[in-house]
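Each of the next two complexes has chain A plus one other chain: chain B in the first, chain C in the second.
So, the complex of A and B:
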């Protein structure tokens, strides 16, 4: 790519909506001169700080760990901070940006995540550890840690949640993010309540609602696989008493070295 | 005051990173029923979550394999074998890292509380990386002479933040998400509460409390290249200063050696802890010239200065010569994938470089604020250099200055500091509240005063854009108050900052709506940048020595005779800073000042 190409001016087409003054959303175009390495978030910052201060979005860390800036870019949910603008410029030299779908819009790209956080709370995201707390750490194998990877790396950005067709129809569905959190606790050898958790996720608005459409996997900016976690929960839910017994057995050895 | 406008809690914590959430959770755990946390962004977006490499604690879980040297492999310590690490060693490393400006009583407390706080994280469900026998795994880090960085791959801050937030929810802490605190009310040295704007609605409210705790984080956004989030605008230090509290050691700003080139966010120090090299244009591991013993794992101030010298002398990389290479290729695919997966992902996404195949361009980046609101070891805020307290005001974490980091912080000591002193502040607050602390009356109508201030900003309709002022400030701070400083540059920086403060009076806020007005919050944040940047530059101008992260080319030596003391900045009646100084706590028999060599 030549330098000229990188520094050309492109149109950033933003879906604008302030419910206090607008009857319905409308599109507004802004011209932005690109620079090498510019991200979608950089472009939004340029627009907000020099052209139109009312363009509104959430952001903080700038490098894909805080989860603030998930939005809809050229028809796809992703993090604005991790998306180079050059990759998104379409044939007509335009990038189209809007809010995450399926959620009420507060203002422009800022969506109301109330249902998202309610579902997170419904799965009781905190660990429920054994009563017998050792002086030192509980012993876990690296394999047990690795099994939690996807759930532990989740940044709760909501890209999966708002790409899920089931959420589009039914806000009572727990959703991929909350199920991933439930998975984290269910698989953690330190947690004492896997059966109770599996009971929660197998209720009407839990794992059974997942249609395995895999939108969540496509949307996840961290490359995680919520569908697989949901599948695992579905299987474990069918034998939850047995699973709980196995957990109790495992917890008898939580204070002992992992055998080599 | 209209009662409907006033919200009341026993305890109000501002900031929902590790320090604030620890304080809130611990106060609740210790019997305070009504604890609220205000955060300008959702709690899980807090910048503690961006920390990568680890949290320091002497656990003695691993040791270097005998005979493999300072960069060789590590192994778990078999049961019964001698420990390699000790509290004294962690203390000494921290004191030496601080260039003897850290208060050694506070450092001792941090180091001794460390194992317990890390184990508490583990018991609360934090997912740490593990040794073969299932203990928390540890790695090397810069300036630490034993492997004591307890880690979760390269997303340690992320897992700690999620864990402590979940526990705070479990303990029924109330969170006000996206409430931006714009004023701290202290009258007659007694804390009354805060004024905050509900960002969603634009409503401005008075929130009264018996105790207010600040865990609002650092001030890296004053610099052009920074690892810090957009949110790290030093709100807490500026609000405290404006409310009459002193600020301590503000001139000490840490530049991290490995910010991603041009972007500034971090390639964790763990890249070097795991064995990565720093390479200049000539392909040299140049650290051999500056720190022949510790090499790439010298402390951050020293490594950043070394990089800047290489760059200034024309041995930098990239088109503009402003970069250095971080070379991890020899670590191999497996180690990079298992220990540094997030870093690899970032290098690919932002620099189009896969660290498995190619060296990653990096540059020094403004990273950590050693200075801040002075506190006791229990988070109580000092009113002055004599050690008097401000009743009901607490602070911990990066916004505070205990001081454990002194003139330069060691990596992995920040997650530790935020956790240890957040927890201690939480216990102290619980004692204060349960000991009969009162809700003190609020003088006047601070909420209305702030509403009028916002209306004035909207009505101002000047010609200056906030962003132009911010960018000019960042350029000044980076060029003249950055890694290397001198009298001429600092004087002209102060002139420029005063000029920017004048220009700020002529700003125009573009968005005047009530609903989710981030244009307004960015404007208030900019005013905070201008407030504390003056203190950094003025403190740096006064301090005629080089110590830790403060490097004066015109005073290249540390001067213990004149400058082994903390800077305290107060706001005087004319709104200008006046300075006093406070002694450093030193255990003269155990850790007297020495020459600092690595």
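So, the complex of A and C:
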């Protein structure tokens, strides 16, 4: 950031909506003086603290871990806390911020995530371990761990869900976030219910509804690939029985050392 | 998932039939296509069967695709069984109509 940038004042254009007062959302402009390293979330704090206390948004960790501050910034979904404002300032010195699309707005940038969590719970995103848990640890190969690593990094911010065009049309679709979690559990050798999950994702509102538009990949602030996970689930869903047999066989050896 | 599979399989069939169609219609003599040429070709049983199968693949692929796109809308998604039956009936009727036309060609 140059000295000129430090002095710069930018216009932060925020989509405002208060259901008690407004009939429909409207845009409101605020002038914010940038400082080095300022993020979009810092700008929102600045506005809320010094200019307009009624501006409403969710935030928590400020480190890109909690996923609370996912917003629609300059036409794309991302985390406000990890987006430097200098990268988003457009030619007319403006940054436009709105709530996540396709979700009902509660107030300003706060959206109702009920459908997001409902779909998430449908795939049973928790680990269902076998009854005979090993005394010390489950032994997984490096390849098995690597396959799960990407899906494990998901912070459930909702950026992928609300960028998905299918979700825009149909809230009954499981969505990229839930399918990514299903992928995580289906490929986890410790889990005992991949067949059940594959049955769930094979339904009419599951993997077959994805049109591989790739919006979820573009939106993910963690750089994950939900489309690839959905594609893998599609393949596995078509050979559920074979996959289930292989899983049972694998689980017999979970407490044994991994052959090098 | 069944519709998804049907669309994939019909796409593979289409790829084959379209290739055959393109080669024999445009890259094999006589290059100037007239009604007489088409009539002569379609009066052979082999071409009748190829074109009827081609017609079937096109109809199934188009209907599966339309069904998927229509049921993307939540309002239509709730009526997907009725829509599936309507699609099947449309495919059957269109297939009978088209197949009868192809079968009718004689020299």
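Note that the second predicted complex is superposed on the first by the 259 of 260 C-alpha atoms of A that agree within 3 Å, B and C clash if a C-alpha of one lies under 4 Å from a C-alpha of the other, contacts with A are read in each partner's own complex, and residues count from 1 in each chain.
Basically, a residue touches a chain if its C-beta (ideal position, glycine included) is under 8 Å from a C-beta of that chain, and two chains touch if they have at least 3 such contacts.
This is a predicted model, so every value here is computed, not measured.
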{"item": "Touched partner set for A:125, first chain B, second chain C, both or neither", "value": "first"}
{"item": "Partner, of chain C and chain B, that touches more residues belonging to chain A", "value": "B"}
{"item": "Contacts of A:33 with chain B and chain C, given as first, second, both or neither", "value": "neither"}
{"item": "First (chain B), second (chain C), both or neither touched by A:148", "value": "first"}
{"item": "First (chain B), second (chain C), both or neither touched by A:8", "value": "neither"}
{"item": "Touching partner for A:237 - first (chain B), second (chain C), both, neither", "value": "second"}
{"item": "Partner chain(s) touched by A:250 [first = chain B, second = chain C, both, neither]", "value": "neither"}
{"item": "Partner chain(s) touched by A:207 [first = chain B, second = chain C, both, neither]", "value": "second"}
{"item": "Touching residues on chain A, where the partner in the complex is chain B", "value": "18-21, 37, 39, 48-50, 52-54, 56-68, 82, 84, 106-107, 110, 113, 121, 125-127, 129, 133, 135-142, 144-145, 148, 152-153, 155-156, 184-185, 188, 190-191, 223, 257-258, 260"}
{"item": "Sites on chain B touched by chain A in the complex", "value": "41-42, 44-47, 49-50, 79, 119, 122-125, 127-130, 132-137, 152, 155, 158-159, 163, 166-167, 169-170, 200, 229-231, 262-263, 265, 342, 345-346, 349-351, 465-467, 509-511, 513-519, 522"}
{"item": "Partner chain A, residues of chain C touching it in the complex", "value": "1, 3-5, 68, 71-74, 77, 80"}
{"item": "Chain A residues within the chain C interface of the complex", "value": "166, 169-172, 202-209, 211, 234, 237-238"}
